[in-house]
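This report refers to the structure that appears directly beneath it.
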């Protein structure tokens, strides 16, 4: 059970329901996931988190599928089981194939390895990379 | 200075030079970056790390630019300054615009935030996400 | 089951029991929690960890409730389920309300996000913050 | 230099200036810090991040000083140098003494240690902590 | 259930079976563990990950037991439950006693604490440690 | 400069000097490193941290060199530059060769990679590893 339990739709206040309705309409699903029902204990935070998420994960210079892959990659790197499950499902819905998942995983593994090789050797940034800005 | 210093091309053994040559040819650059010169103290590891990197970051089901974006995203999440500098440059070379960079950053920030909201609320995985496999 | 199992009170050596007794007396509880029963396989470490914890978490310049909030915040950031459960309970006992929990969570989420925005942009420390010390 | 450089006030667009003005007015400072000038490359993200920050860090069930302490604690745990410098300064402005800083640090160190002791021993959550919700 | 499920030996392709056979022969076990059966969805990655692991974890300047202890220490620090369980078992097979495990855990806890004390105080590297290379 | 600056020996209180003297005698060095001089702002914490460190890093079931290698491995994994520099030096003093350092680094890189492969695939613990305790 989640720390504070979940706020189900039929027990929710009108302001929480309004967010739930927008989540379901935007994502074309018929019930909100546990994440939002846990956040709903603080309606202001629920609204802010949903609006940020909607804005950030929507189409832009990057394709929504690429954004989901990045989201999953960070969640794998941070080892957040819930986020991996929920956003892998979202990525599949947007077209992620098994081959794409496996390649994304290989990059995440490699970056985590190389990040530490750099740290352990205390590698200095190359001159040509300092000139940015 | 890196912990063990760098192995420069003209001081390198033939097996290290062979890896350096392949790095420069593959990446179309005329000198290898500090990361590889730090790893070269252990030629077996240098070769293994380069061959893994070459294989993983090459074209496949995911576009090389998408792979670079994922690599940068993980490095930002892990706060590896060298990796952020080097792979942001690589991503720009492959077509990353400033808008793409900013959107990638927003997703990384959001995922890092939401990963912790999930943890703090101990949100359980929704039933529909457990059926995978 | 914990990796090495738990040392229960009635199976414990006198030195372990002495620590258990102090934990129960200090915290006004009638049985020690699993964390301590797992550490008791190494009685010296058990004693050291308990004495450090007692000293650090006690009243001082910061209120014990504030210390618990900080402890929970770090545990949420590190995604340690056991620590979140145990120290959220301790914080509630010391007066943490649901509103406080939710606000603490929002700060943890924000800091995790902004820590990465800083890293990705490689933001330099402002001059006025360098003058400290 | 920050990855994309900084957007200074006199080069900023009206929408970016509006955010800068609100930051300076809210914080009673006469120039914005580097963090905001780096984010300003993406004015929508700048506005969203500032409004979230302002809302989350303001007075509520928790005192603004306690919120700053939590923010610093997470940033120390994540080892974000910029965030530690900037938010330690903010905390001092709100009343953090040296003794408070040192006690906060001790809690952060302890939690980071104990989070791993729990992980290594794979300690299960006590029954009494599961009943929450 | 693992995200993509497991590839069992009798359903595996010849190239996957060849890796499985080498894992079982090298480790003197009669069935491969879940980790490898999850990676087998991508046979190239399976082979690469196994060959890297075999090479890295074998005898060299460091004893295989010391390597397992380091592997467990990193996995504890990263809080990877599966890795802690699997590599603690491997370490025990190579001679890790309960006392060794407890001492390794104490070092991991201490390093995690001190890493943050350093970060919070922004301690500069001593001159004598800069001269390396 | 460290956040609060350093407490030098000639400015230190008798209780701080007593700790400094013990550090120098134990480690056979003629001046304490910056880490301790930063902690000395809180003499109680200085004493506790030093005594814990002395006890944990001393000879036991594990060799002091193995303990230093584990300490460095965790610090590399957490990317703490100061700790990597200081404890690599300590490890070298205790006999760490360049080959040992490189092998330790390879294990740290591998574990960081595999920890994420496990997370991304949500690999369940094998039955034989659950029977421990």
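By letter and in written order, the chains are A, B, C, D, E and F; residue numbering begins at 1 in each of them.
Simple rule for what comes next: contacts are C-beta pairs under 8 Å (C-beta built on N, C-alpha and C of every residue); 3 or more make two chains touch, one makes a residue touch a chain.
Nothing here was measured: the structure is a model prediction, and the numbers come from that model.
Participant: Among all the other chains, which ones are in touch with both subunit C and subunit F?
Facilitator: Touching subunit C as well as subunit F, we find A, B, D, E.
Participant: State the chain with the largest centre-to-centre distance from subunit D, centres being mean CA positions.
Facilitator: Checked the centroid distances; the maximum from subunit D is E.
Participant: Return the chain whose centre of C-alpha atoms lies at maximal distance from the corresponding centre of subunit B.
Facilitator: Here the answer is chain C, farthest from subunit B.
Participant: When subunit A meets its copy subunit D, do both sides use mostly the same residue numbers (more than half shared) or mostly different ones?
Facilitator: same
Participant: Compute the distance, rounded to whole Å, between the mean C-alpha positions of subunit B and subunit E.
Facilitator: Distance between chain centres: 21 Å.
Participant: For subunit B and subunit F, what's the span in angstrom between their mean Cα positions?
Facilitator: The separation of the two C-alpha centroids amounts to 27 Å.
Participant: Once you find the CA centre of subunit A and the CA centre of subunit F, what distance in Å lies between them?
Facilitator: Chain centres of subunit A and subunit F, defined by C-alpha means, are spaced 34 Å apart.
Participant: Would you pick out the residues of subunit E that each touch at least 2 other chains?
Facilitator: 1-4, 49, 52, 77-81, 84-85, 88, 99, 102-103, 105-106, 108-110, 112-115, 117, 119-122, 130, 132 - these are the residues of subunit E that touch more than one other chain.
Participant: Line, ring, star, complete or other: which describes how these chains touch one another?
Facilitator: complete
Participant: Going by the contact rule at the top, pick out the subunit B residues touching subunit E in the complex.
Facilitator: 1-5, 44, 48, 52, 55, 130, 132-133
Participant: Provide the residue numbers of subunit E that touch subunit C in the complex, in ascending order.
Facilitator: Residues 79, 84-85, 88, 98-99, 101-103, 105-106, 109.
Participant: Which part of subunit D faces subunit B closely enough to touch in the complex?
Facilitator: 3-4, 41-42, 45, 49, 78-80
Participant: How about subunit E: which of its residues touch subunit D in the complex?
Facilitator: Against subunit D, subunit E makes touches at 72, 76-77, 79, 81, 84-85, 105, 108-110, 112-117, 119-122.
Participant: Mind listing the subunit D positions that touch subunit C in their complex?
Facilitator: 1-4, 33-35, 38-39, 49, 52-53, 56-57, 60-62, 66-67, 69-71, 73-75, 77-78, 80-83, 85-86, 88-89, 97, 99-100, 102-104, 106-108, 110-115, 117-126, 128-130, 132
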